[in-house]
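Chains here go by letter, A, B, C, D and E, matching the order in which they are written, and residues are numbered from 1 within each.
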Amino acid sequence: SGEATDKTVNSAAGNETSNESSASSDILYIGMTNAPASFNVINTADIAGRWVQRFMYDSLLTMPTTTTFEPGLADSFETEDDQNFTIKLNEKAVWSDGTPVTADDVVFTLNYIANPEVETARGTNIAMLEGTTAAGKLEEGLTEIPDLVAVDDKTVTLKTKNPVDPAYIKEFLGFELMMLPKHIVESIPAKEYGNSDACNNPTVTSGPYTFVQYQNGSYVELAANPDYYKGEPELKKVFIKIMNGTNLVTEFQSGGIHMAAGGGIGVVPVQDLDILRNDPNIQVDANPGFNSQFMLINNTKYNQKLRQALAYGINRQLIVDNLLKGEGEVLSSVYALASPYMNEDLKPIEYNPEKAKELLAESGFDTSQEIKLIVPIGNKVREQSANLIEQDLEAIGLKVTQTTLDFPTVMATVKTHDFDMCLMGFGYTVEPDMSTYYASTGSMNFGQINDAHLDELIEKGTSLTSFEERKAVYDEFQQYMQDNTFILGLYSDYQIAAKNKILNGGITSYWSGSLADIQNWNLNGAQ
Amino acid sequence: MEISSKLRFADLANNHGYEVIENINANKEGSYFKTIAGRFAKNKVAMLSLILFILLILAAVLAPVISPYPPNKTVGNFEAAPDREFRLGTDEIGRDVLSRLIYGARVSLIVSMGSVAIYVVIGTTLGLISGYFGGITDAAIMRITEVFMSYPYFMVILVLVSLIGPSIWTVTFVLGFLGWPPLCRLIRGQVLYIKTIDFISAAKATGYSTSSILFKQILPNVLSIILVNATFGIANAILTEASLSFLGMGVRPPAASWGNMLANAQSLTVLSMQPWRWVPAGIIILAAVLVVNFIGDGLRDAVEGETK
Amino acid sequence: MEESKILEVKDLAISFKTFEGEVSAVRGVTFDLHKGETLAIVGESGSGKSVSTKAINRILPKKNTFIKSGEIIFEDKDLLKISEKEMQGIRGKDIAMIFQDPMTSLNPTMKIGRQIAESIIVHQHENKENAIKRAVELLDMVGIKNPEKSSNLYPHQFSGGMRQRVMIAMALACHPKIIIADEPTTALDVTIQAQILDLMNELKDKLNTSILFITHDLGVVAQMADRVAVMYAGKIVEIGTVDEIFYNPQHPYTWGLLASMPSADIEGHDLYNINGSPPNLLCVPKGDPFAPRNEYALEIDFEEEPEMFKVSDTHYAATWLLHPNAPKVTPPIEVMRRREKFLNLKMKEVI
Amino acid sequence: MGLVQNKNVILSVRNLNQYYNEGKKNEVRAINNISFDIYKGETLGLVGESGSGKSTTGRAILKLSDITSGSIIFDGKDITKIDGRKETLKFRKSMQMIFQDPYASLNPKISVMDIIGGALDVHKMTNSRKERTERVYELLEVVGLSKDYAFRYPKEFSGGQCQRVGIARALAVKPDFIIADEAISALDVSIQAQVVNLLKSLKKSRDLTYLFIAHDLSMVKYISDRIAVMNAGRILELAPSDELYRMPLHPYTESLLSAMPTPYPDDERSRHRIYYDKKYHTYDDETKVKLNQIAPGHYVYCHEDEIKHYVKKYKQLNK
Amino acid sequence: MKKYIIKRILIFIPVLFMISIGAFLIVNLAPGNPVDMYVSPDMTVEQIQATKEALGLNDPLIVQYAKWVTNIMRGNLGFSFSSRIPVSTILSQRVGPTLLLMSISLVVAYALAIPLGILSAKKQNSIVDYVVTGLSFTGISLPSFFLGLGLIYVFAVQLKWLPTGGTKLLGVDGGIADKLRHLILPVIVLATQFAANMIRYARSSMIDVYNENYMRTAVAKGLKPMQILKDHGVRNALIPIITVIGADIPKIVGGAIVTEQIFQWPGIGSLMVASINSRDYPVLMAITMISAVAVLVANILVDIMYAVVDPRIKFS
C-alpha cells in the first residue's frame, strides 16, 4: 500500500526486505505462537499471558540474568537475617492514572493473593510468608498476613516463616509477582475480579506499556507509558501478533515482525532455523534455556535397573544432532542447562546398547510385555524423537507402542498414573526446588517417585539459605537422580532468540527477564 | 445379376434374413454382469484406471515383498534427497520414503474406501428415504442431519475415540458415521423431484416394494451424485486420517499413511527445499482419487449404457 | 414445380453408436418439400421418422450420432454444412419443430408463457411484455382455456394434451417457413385435434408454410396431407400424393398399413396385421428389410434392396413387385376396395 | 353385440373426486364426482377432451394418488383399505397400467431387460435368470420389438418403441385388469393392430378387463364394449359402444364423433363438424344434475328436466 | 410459504435444545479436564480444587447443564474458562473475520466453480473438461496447509506482493485496499477447496440436464447456447448445487481451521481449536450453538430455494 511505504522513506528500516509492517520506526512487532489466555496477574498459569502482562505490570524486581536482581518497582529488597525483609519502593513510580504506587498497593496485592476468597494461581509465590498455608492462603482465623506492614508510603516490611534463600524470595515474590493497583481492585468483589473489565482490559497499570486492545486470537496492542518511572519507552507502540511457528519464519522474511517472543511461546521451528540463519537481516541466537524434554517413567512398574537400561539404550545424542539440528544438549539429569544449580561435573549417560541389554537382563523385566509410550501432540521434534526412541528400545529388546494424544488427554492420563512411559516437557524456574515434580507428595509427581533419600535431599535443599550450601545439596540431588533415573532427561533445547537486526534489544539469555530494559529498546540497529 | 430370374415368390418359412440376427443374439445371451463388464472393457480410460487401481492394491497387499526397506526403521541419512539407494529419498528420521509410501497405501486405502463405503450406504439410504417419503420422516431425518452437521467434528471424534480406543478401524468407522449428512441431503434434494416423474408411478403400479423403488428405481438416477461425492470423500478421508492420527486416533505413529506423510512434511523448509518428502505422497493421493473417479465414471456409463 | 422447393433431403443416412454396435437408424432418405405443402410421413414406429426430421434441425444427440451421408438443402444452403451460429438463426424461425414427447420436452422450471415467448423474443425481437401477450394469444389459439392464467402455470400442472398444445403454440410462434410436427396430435382428443389441424392449415394457406407432418393416424393424414411418404426400416418405401397412397398404394407395407385399420365391417374379427417383427437396425439383413414379413416377398427381396420404381410423376415405390417382370399379385381386400375408389376418382376427373 | 353377458362387476367407482391443490387458490377439480362400473371381461373405453381427467381417473383406480373423496371398489375390496405387502402385491398383480407418456414412464437409467424383468421379479414369476431372460425376449416379441433391444436404454428408442416396452411391462405380470392410457397412440397402425389383437385375444383367453383410454375413436369403438365420454372432470355420456356411435345423445359426444378423422382423403375434404357449445354443462343448480339413464345402459349427464328431451332424442335416433 | 417458514423456525427451538444436550455431553465426555489446562505446576491440590469450584466443575453434569441453559435463556453465554472474558465478547471479535473470509471465499469459489463446472459439462470429454476435472481433483487432493504455505512462500516471501497473514496492517491505517490484500491468499486457499467440490457437482448436475429433452426443445427454438444454458440449463441443475451450498455454509464455523491458522486469521475455527485444546467448555458450547444455528438457517434457506427453483417441489 502506497500510504505505508511513504512512511518508510525516513525510517532507518527503509530496506527492501521490510515491507509495510515495519513501516514506522517506533512500532515493534513481535511474533508469538501461543495466544495469551488472560491478563489476570494473580491467576494466570499460561506463560504467554504472563509474558504479555510484563509489558503492562511491573514487579518489585527485575531479573536480567539468572543470578542478578535489579530494581523494579522496588528500589531495594533487603534483609539481614534472611527472614525479615524490607522493601523500598521507587519514589517516581506511578500508576498510569497518575496515582503513585505505594506500599499499600504491595501490601494489598499480597493480602489479596492470600485471601481465601480470591482465585489465584500465585499462592505458591507467597507461601513462604508467615501466616500462610502451603497453598499461600491465610491460615485459619487470620484476616491479613501478619508482619506484612506498610511502614510508610514507600516502605514495606515482611517476614517469612523460616529463614529463606534471599534469591528464592526475590525471584518468587520480587520478580514473579506483579503488583495490583489497590484503588482499582479493592472496589471489585473478590470473587469477580477475574471476570472484571479491570482485569481483562486493564487501564491502570504501572509498567512500561499500557494496554490498548486485545483482538482475541489475533494480536495485543500496547502503547508506551509516557509516565513510566524508568523513562518513556522509545518504541511507542508494540503489537504482539499471534501466529503459528511456520509463520514466524515467513513473517521474519517478509518483515512483518521484528522479533519472536521465544521461550516456548514464540519459537521458530528448528527445521526452519537455517532459513533465518541464512537471512542477512535476521539475527538468531541460541542460549541454554530452562525448557527440557523428559521421558516420564512409571516408577511403580519399572525398577531402577530397567530405568537405567533406558538411559543407556536411547541414543539421545542422535536426537539432538539430527532432530534438534544441534540446537540443544543431552540432559545429564533433571536440571536445565541454564540453571545456575546445574551440576557441571555430571556427564550424561552415554548411549550404550550393550550395557542397556545387560541391565535389562539384570532387571528381570519380562520383555514380552508391551510398553505403552504416550506422546503428547504439538511438538514436532518430540513426536519425531518418539519414533527414534521406539526404534532404540526395540533394538535392546523391548516392545514399544506409541500412543499420540492431545495435551488435555495426556494430562488426564498421567494424573491417573495409567501409563508406562510418557514424553513431556517441563519449563523450570531458576529456583532449584523441585518438590512438586519429584517429592513423593508432589502434585506433579506423575511417575510416582517414592524414594526416602530423594525426599530428604529435597527437604534439605529448601531449608538452606545460601547459594553455595544449596548448590552442594542439589549437585548430590542431580547425581542421585541420574543414578536412579527416576525420570529420564532427554534433552534441553536451546532458547532460540530471533530478531531483525534493526532491533536494539530483544530476548536475552535469561528469557523470563528479557523485558527488564524494554524501555530502551529501539529500531535503530545495524543493517 | 439376373434380376428377372429371381422375381419369384419366396418361401417365407425359410427366413433367410434372420440368420445373421441370431448370431448377434448368441453373443448377448451371457449374464447381465458380463454385458456390463464387456461395456466397461471398451472404455479405455476406465480400464487403465482399473489396472492402476489393482496395481495399487497389489502394492499394498504385497508391501512386505516389494518395498525395498522396512518402512518404520531408520535406514539412511536423515532428510536425504533421492539417490540410487533411496529412490524417493528419506524422511526426517532417515526412513525410506518409497517404502513408507507403499506401506502407507494400506492405511490410506482401508480408511478411505472403508469410510466412504460406510457413509455412502448411510447417506444414500437415509437420503432416499427422506426425499421419497417426505413429511414427518423427511423432517426427522433432516433434523438428524442438522444435529450431525452442528457438532465440532474433532470434538466428537475425540470423544468417540476415547470411548472405542484408537485404531485404523476406529478412524474408518468414525469418518464413515460422521460423513453422511451432506450426501444424504444431496440425494434427498434429487429424489424430491425424481419421485414426481411417471416412472416412479409406473414402478408403484408394477408392485415394486418401497425399498425396491428406492434402491432399484431411484438409486440409479442419483448415481452420478453419489460418485462425485464418493470420489471426493476418498480424497478427504485420506487427508483427514492424517489429522486424526495427530489427535491420537488412527495409525500409531511410526506407521505410515499417505496423509501423515504429507502432514509431517508441513514446513517451509520441506516445501521449498525437500520436494521428495511431499511430492510423491501428494501425487499418489491425487492419482488414487483420479483413478477411483474414472473407474466410477466408467462403471456408471457401463451400467447406464452410455457411450463415450 | 422445382422452383417452389423449400427443402430437399438427399440420401440422408444416420447411425448411432451404442454398446451393441452401430444402429443404422436412417439409411438413405430422399424427399423434398414444397412451399405451402404438407408432406406427411407415416410408417413403422422406429423406422427413423423422428431421427431424419431431427437431423433437419440438427438436434440429434452429438455424442453418439453419425451423419453418414446426405445433404439437407434449405434455401440453397446445406444445413449439414453451415455453422452452428447460422443454424441458430434458422431454428425456431424458419424451421420450427413440435416434438413427439411433450411431457419431457417442456422445461419444468419455466412458466408456460415464458417458454412460448422466448422464441418470439429471440427471432422477432419483441420486448418481453409483448411476447408474453403473444404467447397468451397463441395459447388461446391452440384451445387452452383460461390462457392468461395458464401462461403462468408450470408444465407439471398441465395434462399431456395441454402440454402438446403448448408445444404447438411454441412452434407456431414465429410463423416459420417449415413446421416439423412430430406426432403433434397423438395426445389430443379429436375435437382439439381438429381445431389444431385447422389452425395449421389456416397458417399454411395464409403464410404459405410448409409442413412436415409425422403421424400414425392415417385419418389425420387423409385430412391434412398433400403428399405422403411411407417409411420402413430407415428408408422411404413409397411416396406419392395423398390420393395415390390411400387409393393406389403399391408397396406391400403400405398395403399392410391401410389394411390394419379398424373399419366398419370388421367388428368382432381380428384386425389385419403384418406378421413378424420389424428388423433390427443394428444389423440390417441383406436385401429388403421388409422381406421376412412380406407375404408377397420375392426371392430377390432377400438378396437385393429394390430401387424406387416410378408409378407416376408424383408416385414412387420401392418394391420389386413393380418390376415389369414381377408376377402380378392381389393385395388385401381393403386395398382392393381403395383401388376401386381410386378408379372412381380418376373417372370423375376424366368426366 | 356390445352388451356384456357376464355381469360381474369387477370395478365400481362411486362419487369419485380428485382435486389438486385442494383449498388453495389454484385448486383444480380434475375429477368431479364421477361414478361408473366396469364388468369383468369387458372393455370400457374412456374418451374425452384432453385435460378432462381421464389419466387422473386411471391413476386413482390404480391407487397411485390419494383420492379426495369417493370410493373405488376393486374385486370387492375398497382399494383405499388395501394394506400390507401381500395384499398390495396381489392388487398390483391383478391391475396394471400402460402409461400415457412412453418416455417419462420408463426409468432412463434402467435397461429394457430390467424394466420388464423387474416386473417379473417383483411378482416372482420366473425361477431362474435364464427363464427370466427368455420371458423378457418373449414379451418383446409379443409387442413387436426385436429381442436385440433388450439391453438398450429408453433414450435409445423411438416413442413407439418405448410405448411397446411399457405395454410389455404391463403384460409381464399377467394382470386381470389393465388400464391402457393412450396405450397405442404412439404406435404405427400395423403395430396398433398387432397390439389390439393381442389385447383382444388376451381378453378372451384370460378374461381380462380393460379401461381403455384413447383419442382414436375408431380404435376405441373397435375395442370397447362400452364407452364413457368425459369432459371437465365429469362423465357426460356412458353407453354401449356401437350405440354411442350410432346414437350419440349428448352434444359433446356428437361433436367428438363429428371430428373423428377417417382414412379417406376425399371424405375428409368434404367433412363438416358439429361444434359443441359449452353452455350444455353449465348448470346453475348442480344438485339436480347427474348421470341419468335414458335407455337401458345408456346414461347422459343432465338436469332432471332435460331427461325428457334426451329420451325423445334417443327414440328419434333409434329408428 | 410464510407459514412454512414460521413452522420451520419453531422447530428450530427443540432441535437446538437437542443439539445443546448432545454438545454438552460430547464436550464433557471428552477426555481431559479443563482445570489441568489452567493450573501452573506449582499450584497445590487445594488451589486446583478451588479453581475447579470456581469454574463450577464440581456440580453434577445435570446441574451444570441446567445452569448453562438458564444462562443462555437470559442471553448470557458465560465466561471463558481460560481467559474469564465473557464468551460473547470473544465471539464478537471472532465471528466478524470468519464471516468476512468465508463469505468472500464462498462467493469467489462459486463464481468460479459453477461456470467452470458447467463449461466442463458442456464440453464433456474434451480437453477443457479434462483440464477442469484435473484441476478440481488437484484442488481436493492438495491439503490446505500445503497450498497456503506454498502461496505464502511464493507471494509473500519471494515476491513480496502480498502480506503473509493477519486481517490488516497493524499500527498504520491501510484502508480497504490493505484489508483486501490481506484477504487474497486465504481466500484463494479456501475458495480452492470449495470450488474443487462445487465444480464436480455443477458438472455432473449439468450433464444430467443436458440429456433432458427440454434442452433439445430450447435448441430447436433457435436460442443461443448461452441463453439455453442460462434460462433452461442452470436453473434445472440448481438442486444439487443448492444442496452443496447449503452444506458449505455451516462450514463457516469449522471449515477454515487450517487456513485460519496458516494466515493468522482470528476466526471461529482457530478459536475452536484453541478451545478444544484447553477444554474451554463454555466457548465450545457457544461455538457449537453458533454452528447449529448456521446449519439450521442454511437448511431452511436450502429448502426454500428448492421450492423457489423447482415449482414441482412443494413445501410441506
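A few points about this structure:
Methods note: contacts are C-beta pairs under 8 Å (C-beta built on N, C-alpha and C of every residue); 3 or more make two chains touch, one makes a residue touch a chain.
What you see is a predicted model; the values in this text were computed from it and never measured.
Path length between subunit A and subunit D in the touching-chain graph (shortest route): 2. For the pairs A-B and B-D, the larger set of C-beta contacts lies at B-D. Distance from subunit C peaks, on a Cα-centroid basis, for A. A separation of 25 Å divides the Cα centre of subunit B from that of subunit E. Averaged C-alpha coordinates put the centre of subunit D at 54 Å from the centre of subunit E. Chain centres here are Cα means. That of subunit B falls 47 Å from that of subunit C.
Look at where the CA atoms of subunit C average out and do the same for subunit D: the two points lie 27 Å apart.
In subunit B, the residues that reach two or more other chains under the touch definition are 21, 24, 28, 35, 158, 162, 193, 196, 198, 266, 268, 305. Across the assembly, subunit A contributes residues 246, 250, 405-406, 409 that each touch 2 or more other chains. Listed for subunit D are residues 101, 103-104, 146, 148, 151-152, 156, each touching two or more other chains. On subunit A, the positions that touch subunit E within their shared complex are 1, 3-4, 7, 17, 19-21, 23-24, 27, 29, 35, 37-38, 40, 43, 45-46, 119-121, 123-124, 133-137, 191, 194-195, 199-200, 215-219, 221, 237, 239, 241-244, 246-247, 250-251, 253-254, 256, 405-413, 415, 426, 436-437, 443-444. Here subunit E touches subunit C in the complex through residues 124, 211-214, 216-225, 227, 231-232, 235-236, 309-312, going by the rule given at the top. Across the complex, subunit E is touched by residues 134-135, 138-139, 142-143, 145-147, 149-156, 158-159, 162-163, 181-182, 185-186, 188-190, 192-193, 196, 224-225, 227-228, 231-232, 235-236, 238-239, 242, 262-263, 266, 268, 271-272, 278, 282, 285-286, 289-290, 293, 308 of subunit B. Residues 11, 15, 18-19, 22-23, 26-27, 29-31, 125, 133-134, 137-138, 140-143, 145-146, 149-150, 153, 196-197, 200-201, 204-205, 207-208, 239-240, 242-244, 246-247, 250, 253-254, 272-273, 276, 284, 287-288, 291-292, 295-296, 299, 302, 306, 310, 312-313, 316 of subunit E are the ones touching subunit B in the complex. Looking at the complex, you find that subunit C touches subunit B at residues 17-21, 63-64, 103, 108, 156, 279-280, 282-283, 285-287, 289, 291-292, 294-304, 320, 323, 325-327.
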